[in-house]
Amino acid sequence: MLQFAIRFAVLEDTLPSRSAKIPPSLKKRAAQIQVVLMDVDGTITDGSVTLLSQPDGSALEMKTFDAHDGQGMTLGRTAGLRLGVITGRESAALRRRMQEMGVEFVYEKQPHKIAAFEQVLVKAGVSATAVAFLGDDLPDIPVMKLAGLAVAVGNAAQEVKDIAHYTTKANGGKGAARELIELILKSKGVWDKLIDKARA
Amino acid sequence: MLQFAIRFAVLEDTLPSRSAKIPPSLKKRAAQIQVVLMDVDGTITDGSVTLLSQPDGSALEMKTFDAHDGQGMTLGRTAGLRLGVITGRESAALRRRMQEMGVEFVYEKQPHKIAAFEQVLVKAGVSATAVAFLGDDLPDIPVMKLAGLAVAVGNAAQEVKDIAHYTTKANGGKGAARELIELILKSKGVWDKLIDKARA
Amino acid sequence: MLQFAIRFAVLEDTLPSRSAKIPPSLKKRAAQIQVVLMDVDGTITDGSVTLLSQPDGSALEMKTFDAHDGQGMTLGRTAGLRLGVITGRESAALRRRMQEMGVEFVYEKQPHKIAAFEQVLVKAGVSATAVAFLGDDLPDIPVMKLAGLAVAVGNAAQEVKDIAHYTTKANGGKGAARELIELILKSKGVWDKLIDKARA
Amino acid sequence: MLQFAIRFAVLEDTLPSRSAKIPPSLKKRAAQIQVVLMDVDGTITDGSVTLLSQPDGSALEMKTFDAHDGQGMTLGRTAGLRLGVITGRESAALRRRMQEMGVEFVYEKQPHKIAAFEQVLVKAGVSATAVAFLGDDLPDIPVMKLAGLAVAVGNAAQEVKDIAHYTTKANGGKGAARELIELILKSKGVWDKLIDKARA
């Protein structure tokens, strides 16, 4: 069987390359960020909502996170960023992963996200210009409009992309959080120093 | 075997863009819909049938739904659409998710789908022209032939696409239900008003 | 953000289209098939081997099958085909799914597959020319060399494709079994009659 | 943002074809390998970190491995290669799979990987030139710089690819380990003899 490959392609890496230039206006916004808030489903997961049927008729919820995102969060923490999530759902899976990653602000069961966002401002003692929000769908729009850096995942709803300062190349749950944190740390000029501090 | 593909592509969004024009005949059908019925496996899931082995030799069933589809269903409910599923299988996972999404008509263990379809017409007090059906495989064909709006998911069997009024860009379990509900709400001219009502 | 799509593509459907021509030599082989044997991991699953850690330090195995493949197996059974699997692993998940699909011959824990293959010939009372084997990796090669119709999944190892009579367009666990069964039933000229007999 | 891709492609195989030429300098490195060490998450899994919520508020961890990778490890063992993993996490799922695959060196909970790497050198009685390391992310860089053959998975972080001797065509958890082991066994000139020894 004949199978061969010719590719003439402008192909991008999954993770942004070290040499990529960050536009000045974006860099300015990103350099001011001290707190990174994120939606959960579709943002730090790929949007899968997986339920396991139990013999008693109930169902347990699973969540799938991404190891590259996790490494990004760990590096962000090392660099002094404070992290948080605001979600409409709740699960033990989320809480365990957030604890592993040092995610400080965990707001579950929030049909509207504004109240939690404002509480984080108070707790962290920062203004909204120091907060980035990463989202994928319509309920994220109100807080994204308040955030100093509003970022949409690569496969976000069009309405979310329309109001974002930046859309990641990576899709939700597939490196979008890593890409955002790299963007912030590179804009602050501290990324290269952090590479050697990475831990498994 | 020679496998061959030429692609000249600028990437498209997963979710349909706001500016996309809906063909008039499709818009007319979609504007009349009051009830949205859906198949389950391969339609509001990606077709994965996942079983977890148990120590006693039995196996538990998992189902994976999509957060974007869920947001679409919630918006559909807010706009007054009534929702239902008709499936040949049964699982606690499905029932939990359908309850979370406000899906009113849940028919499990239906080798043929016509009987359930007709019961929904009676319960909802509508004619078939007010019902959309979203499906992916051969057992969906008989009810799709009855529905006012028959929609195939992007990776449906060819025979299903052949008899559908519309085939979604998104694949089953990856936004097809969201795309259908957006199509209906845009055809009714209520989509833009709903964006601000989205809840997580 | 400007995002648009131009596609100039020779794109194929996931499932083979009704009008696709089957080469005469392949059709002759396929029309003789009475028994369809399949490998499991990578063939009727996508090759994922998923284990769930338990509190006692053990781990439970999950298997993910495909709804389109399942529909194909059910139609094959309706048309009188007899089905079987031969695998090196074992799991309750596999046994439950095989029972649901009416798969008659289930051989687990077979490091070599020849012995099970020969037992099926005796039990089914057919010669090897009446048996199709669908596989994806090196341990499938010996039985594929014996089978009347040897089929490799789309993402099989090159060595497997090299000795196959046909390689499916679909990947393992993503419609390859459906495509094989459709090939057989179309070669026998009974596919179109079966569409109306499909059950969910 | 303008996202742009032109593809002129004839599809390539997931696994490398038998006829692919290995560059001489790479072949020389690969032929010397006696021990293959691997990262886990993102390297022999696709990077998914999946947690299942439990009724008591805890969460169990799942890991998804790849059947093609497993077959590669088994063949590597048959050819006399010694295998190991070094990871920052720990799970019963990993330990079960490693036992099934005959993976001899299993180091869990290693925030830094150098200590484990050096222990393997002592236990195996080899120098670093006889060790290959397969990785995907920043914490793998220090050991990759020591290994005789440093290999990045296809979707590794750019910094990892930059210091690797070879980057696999396959992504992590999707055949990268298989591709590495094939590379080594082909470089040693023993691959063709092993095909007939494959067991399910």
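When the chains are written out, they are named A, B, C and D in that same order, and each has its own residue count from 1.
In this section, a residue touches a chain if its C-beta (ideal position, glycine included) is under 8 Å from a C-beta of that chain, and two chains touch if they have at least 3 such contacts.
This structure is a prediction, so every number in the text was calculated from the model and none was measured.
Novice: Which chain's mean C-alpha position is the greatest distance from chain B's?
Specialist: D
Novice: At the chain A/chain D interface, shared numbers over all numbers used: above half (same) or below half (different)?
Specialist: Interface between chain A and chain D is built from largely different residues.
Novice: In angstrom, rounded to a whole number, how far apart do the mean CA points of chain C and chain D lie?
Specialist: Their C-alpha centroids are separated by 28 Å.
Novice: Measuring centre to centre with CA averages, how many angstrom lie between chain A and chain C?
Specialist: 39
Novice: Give me the residues of chain D that touch two or more other chains.
Specialist: Correct list: 1-11, 13, 17, 52, 58, 62.
Novice: Within their complex, state which residues of chain A touch chain D.
Specialist: Listed in rising order, the residues are 3-11, 13-18, 52, 60-68, 70-71, 75, 91-93, 95-97, 167, 169, 195, 198-200.
Novice: Provide the residue numbers of chain B that touch chain C in the complex, in ascending order.
Specialist: 1, 3-13, 17, 39, 41-42, 45, 47-55, 57-59, 62, 86-89, 110-113, 136-141, 155, 157-159, 162
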